[in-house]
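Notes follow the structure.
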Amino acid sequence: MESKKKRSILERLNAGEVIIGDGGYVMQLERRGYVKAGHWTPEAAVEHPEAVRQLHREFLRAGANVLQTFTFYCSEDKLEISGNVTNITGAQINEAACNLAREVADEGDALVAGCVCMTPCYQKSHSETEVKAIFKKQMDDFLKKDIDFFIVEFVDHVEEAVWAVEVLKASRKAVGATLCISPHGDMQGVPPGECAVQLVKAGADIVGVNCHLDPLTCVRTVKLMKEGLEKAGLKAHLMIQPLGFHTPECNFGGYLSLPEFPFALETRAMTRWDMHKYAREAYDVGIRYIGGCCGFEPYHIRALAEELAAERGFLPPASEKHGLWGAALEMHTKPWVRARAHREYWENLLPASGRPKCPSMATPANDYEKQQQ
Amino acid sequence: MESKKKRSILERLNAGEVIIGDGGYVMQLERRGYVKAGHWTPEAAVEHPEAVRQLHREFLRAGANVLQTFTFYCSEDKLEISGNVTNITGAQINEAACNLAREVADEGDALVAGCVCMTPCYQKSHSETEVKAIFKKQMDDFLKKDIDFFIVEFVDHVEEAVWAVEVLKASRKAVGATLCISPHGDMQGVPPGECAVQLVKAGADIVGVNCHLDPLTCVRTVKLMKEGLEKAGLKAHLMIQPLGFHTPECNFGGYLSLPEFPFALETRAMTRWDMHKYAREAYDVGIRYIGGCCGFEPYHIRALAEELAAERGFLPPASEKHGLWGAALEMHTKPWVRARAHREYWENLLPASGRPKCPSMATPANDYEKQQQ
Amino acid sequence: MESKKKRSILERLNAGEVIIGDGGYVMQLERRGYVKAGHWTPEAAVEHPEAVRQLHREFLRAGANVLQTFTFYCSEDKLEISGNVTNITGAQINEAACNLAREVADEGDALVAGCVCMTPCYQKSHSETEVKAIFKKQMDDFLKKDIDFFIVEFVDHVEEAVWAVEVLKASRKAVGATLCISPHGDMQGVPPGECAVQLVKAGADIVGVNCHLDPLTCVRTVKLMKEGLEKAGLKAHLMIQPLGFHTPECNFGGYLSLPEFPFALETRAMTRWDMHKYAREAYDVGIRYIGGCCGFEPYHIRALAEELAAERGFLPPASEKHGLWGAALEMHTKPWVRARAHREYWENLLPASGRPKCPSMATPANDYEKQQQ
Amino acid sequence: MESKKKRSILERLNAGEVIIGDGGYVMQLERRGYVKAGHWTPEAAVEHPEAVRQLHREFLRAGANVLQTFTFYCSEDKLEISGNVTNITGAQINEAACNLAREVADEGDALVAGCVCMTPCYQKSHSETEVKAIFKKQMDDFLKKDIDFFIVEFVDHVEEAVWAVEVLKASRKAVGATLCISPHGDMQGVPPGECAVQLVKAGADIVGVNCHLDPLTCVRTVKLMKEGLEKAGLKAHLMIQPLGFHTPECNFGGYLSLPEFPFALETRAMTRWDMHKYAREAYDVGIRYIGGCCGFEPYHIRALAEELAAERGFLPPASEKHGLWGAALEMHTKPWVRARAHREYWENLLPASGRPKCPSMATPANDYEKQQQ
């Protein structure tokens, strides 16, 4: 199949279709042994392409319409700081990642999004010229390859995201932009509605949020973005790729502030049934690009596609190995497990942690800071 | 590398080495989209070999010295009942699975174990002749391929496991046998010590437990097996491959009895730090074949290998992407995350669930049954 | 001691003194067997004066500077509806309650506050004339007796509280007014700051909140009242008598909305150490009349008096039977109990519930309502 | 009413009647301001007789058939060590306590039990002569007054309890004996069944357990006692007075080992509905003297009497202020509170703690000790 013939992201969104995004690469590949927590850099695209390819395939099979290039933190300044990669350049990683995403996307009807994210340079220099040069370099790597559109993601200052959008728009490709912010706004207190307005004015075709907070919180933030755009008389598509973890305690700082980050988040992991609820709420708010970030495994993406199967008209390939709402448990040998083969059971279950000595809520680090003041 | 030259499982155990087992295939491949919960059959070995191969590689990279063939529930009678597989025979799956395990095992110094488990026939017919014929057929599939030894696993009646051992010993290969039982004994109330004695008398070289219960509970069960063998004046190596979930409420029935089985177990998932504790306790009890079952992902296996690195003299390949005890967090941008870059932090953390409306313990289904009596 | 010579409530507050209020009568006497939950009427003042007298004494001994008459829900219209009292009139109860409070108050330096609360008539008729007539009748009962000032409490519509204040001010006695509202405002959405302004304009000398929500939430509400008064250029003393239960989930509806109300609130009960924190926060916000409502037992009031002992210059009588911050545990026979004889231990303890099958947060009834919409 | 005419404890038990015991004095009077935690001595009987009298009355009103003298830790050696009491002798306290219990018991049909408990002397000297002399002295105090029978309670070495029974039997009054032990046995490992045998052989008419552990655990212990007696061919009445707190984590050490003891036990407090379940289980096991210890407030005792009302043929006086199973909520103004006016609601409620940062289970101190070994 040739990718050239695929309908573009904006054609699909303009037609009112629901786009299912992919899930989180970095955390999942950390667990699979290919990414180093703390560094979080994507050299595996060069070192272990089979591992990245396989995860792409699983997301595709789960229903993803877009595969994001595995290029997180792949700006030269970040790679240099992290010091994790030897003898591999950012350009090599970016190009290898494009190849992998393209290869797998073309095994189905998916598109490839070239992804950039926040740079250390912004924090350090706050220089528009320098930061834009970094984004330009990464864009040029992508443009050597066959990608369909861009996503600016995981940026917590809207100003930096605006700079990235301005650079990427020069490519004439569509640009999506997702901030890792809370309903309270970005790191400088710019409210979500105003963030959305700035991004759209800079040229973003799709805006929303990703990472840092749990799905229902992120839906609230995107809703605030939508309202901001409406007030400003602007239009854009909405996008969401939240955490796959419950983070009810978090405020500005997001899950970085949780004591469990990054090595004890298991107990916060969402179930597939949590994902059904999330997909429905995101859809009802008007979001049409719905995916996930850290914590989203392939089966979480499949749950999004299954919840929205009626709206989309089809199930994803991986549903051949999944009874809807637990239906395949009907053949289980134990009667009490068979009794779980229906939607009502799973929708109402309040899962126990098996950890009676653990609390249900933590005190985020920013609260600690506050207490110390 | 030729596998023929590898040292055998018994040579290694007899030399006092620690063998790290692999983790759970069925549940992990269900989440990746290749296994159907309820059926739990391993046709992916034929349908999607790349997915099985990749998971083998991740366990190898995490430190596993043994790769088990992905042949769970792959007896003809089970495949027929589950009705999930069309146009694929048990023999095809068994052979494909042997090829995959062999291929990846030979990328390192790992051995291949051909695995059989409980049969529906035992429950239905209770006929020694019929059950043994099924095991014989599966063994013959394996013997066409290049496997190093056998494992009988996931059997909850010691009688059936004894029959399997008796069949497999005819191959003259080493045989390990792990029951999915609790400290209370097997499904007919045979205590763990007596189970171990029967298995060793039948010819098992390695005995222990797998699945159904959490690591510390399984360590207790294997300890009872050890004591039983000592009292009987018998000798065997000890093996353990428990769940990667916290199951403090479970008794005989194991995690099948938990309301969360199988689609809401996330919140019970163990952290890598829980695995350090488990590896140490298992080692201290004298167990030398230490791995995992359902819920064990590659990073859990890596944690076992890291905990026992001093005893073994080396770290696994995947540790190149892991700072021991969180050390790589030292380079994080947030000071409060940097403060987590040490062992004491992670050993003492009581992770919160982020689910304040959920309980910490559930009522297992067998308790419900009891209440209804 | 003659009560006539006691310094009045306003003399004390004007002098900057901290007034410790008493705790909750209705719930505590329910547990002691003298009040019927559902009715919550105070006929025990007539039927079992020894029980009311004893609870008054315990609060006095714990440090209370004010004893409220046990006249909750003692308006004629409420007594009639509840139908709990036979052959006892409201006037009889009001008078008996005044006698009891006076008798015990004069065993120390405490004042007596005559208390009125919300009437069914307000809900039903919304008639200013009728409601005021009810308050007038109850005031007349009180004025036959020797009370020091009035408190309007447990009113959730500021309008009704204003009417009560207007009636009671005719007595020329000081009037305090506490609403049972949340930081979101009263039942008609009047914000706390505006409520305070209306009450002070009506003549209230002391304003604040009582009941319905936990201490730290109530402190927030009173702070909003304070800010409202400051903006309006008004002055009044601030007062607080919150629940002695943790209610983090509650919004407008307060603890009535919790599934545990009223017969399973035990697990939410605050410790004495929680009370230290509350007393300090209330004091720091500028509140100088600090007491409690439902859930406050004598030892909770003592904790308030102990936390503010330095500011007040003395400890309450009941502190003769209490080692500060657990000091008396030093003589315990078990070394691990002796290790608890200090402030740091109790301030940092996160008490376990011993109920692993229970959640830590409930879904309040008003959320249920919302879900059904 | 003259107490002489009352039917004795053994007449009642021999007739198959259910005896409702009273609740806990020491902890409840600590909360009311009259007992010092750490000392736990009963000088309030002399210092504040009105407080003790009132609590007796509340238990009587709640349904208690026996009032225990408030003489806990009132042996001379204990009073001396605690150093809490000045100018008041043990004899004075013992006599005052007898008077108070007698006075209130005669307001109803209750009996008075003179109570002795473990002595420091036993721990220190282990001298039968010295310990018996202490019990003899306390018995002589009681015999100057009008008591109906004796209870030996709160002893954790059966040997000391046997000595106490031997002394008290000389009075020719009936003697009950309750140990504060777990199902594992007394502090020297004597199993419950053997403890019961020793006590009955020493002359105890009624045997059982009190304090230290939660009701259902104590029921198990008494059941073991019963089985021990049956095996030995002995007969005695069974008695139980457990904690009113949930203590699922405790082993030998009981609630003293919990981090929450004694000042943060609130969240473990049982509801009245927990008490219904306890009363039923105790009754079903064959226990006919059913009461409570620390944590039992009057409404808990009432719940026992209400659960067993059919068996006993009557409700206690305090039930006039209690709708059975919440029935009086039917008149509540809020529809969702009215919906709670029935048994099914309260029996199935899993009460939330409102404390999301707290765990549901603690690590008892004896576990800590073990960890340190």
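Should a chain be cited, it is by its letter among A, B, C and D, assigned in written order, with residues numbered from 1 in that chain.
Just so we're on the same page, a contact is a pair of C-beta atoms (placed from the backbone, for glycine too) under 8 Å apart; a residue touches a chain by one contact, two chains touch by 3 or more.
Predicted model, so just to flag it, every value in this text is computed and none were measured.
Undergrad: Measuring between Cα centroids, which chain is at the maximum distance from chain B?
TA: So the farthest one, by centre of C-alpha atoms, is C.
Undergrad: Could you state the distance in Å from the CA-based centre of chain A to that of chain D?
TA: About 59 Å separates the centre of chain A from that of chain D.
Undergrad: How many angstrom between the C-alpha centroids of chain C and chain A?
TA: About 50 Å, centre to centre.
Undergrad: Express in whole angstrom the distance between the two chain centres, defined as the mean CA positions of chain A and chain B.
TA: Whole-Å distance between the two chain centres: 32.
Undergrad: Where in chain D do residues touch two or more of the other chains?
TA: Residues 350, 352, 356-362 of chain D touch two or more partner chains.
Undergrad: Which word fits the touch map of the chains here: line, ring, star, complete or other?
TA: Basically all the chains touch each other, so complete.
Undergrad: Across the complex, what residues on chain C touch chain A?
TA: Residues in contact with chain A: 350, 352, 356-357, 359-361.
Undergrad: If we count contacts the way the header does, which residues on chain D are in touch with chain C in the complex?
TA: Against chain C, chain D makes touches at 30-39, 50-51, 54, 57-58, 61-62, 81-83, 123, 214, 245-249, 256-273, 297-299, 302, 317-318, 320-323, 326-334, 336-337, 340-341, 346, 349-362, 365, 368-369.
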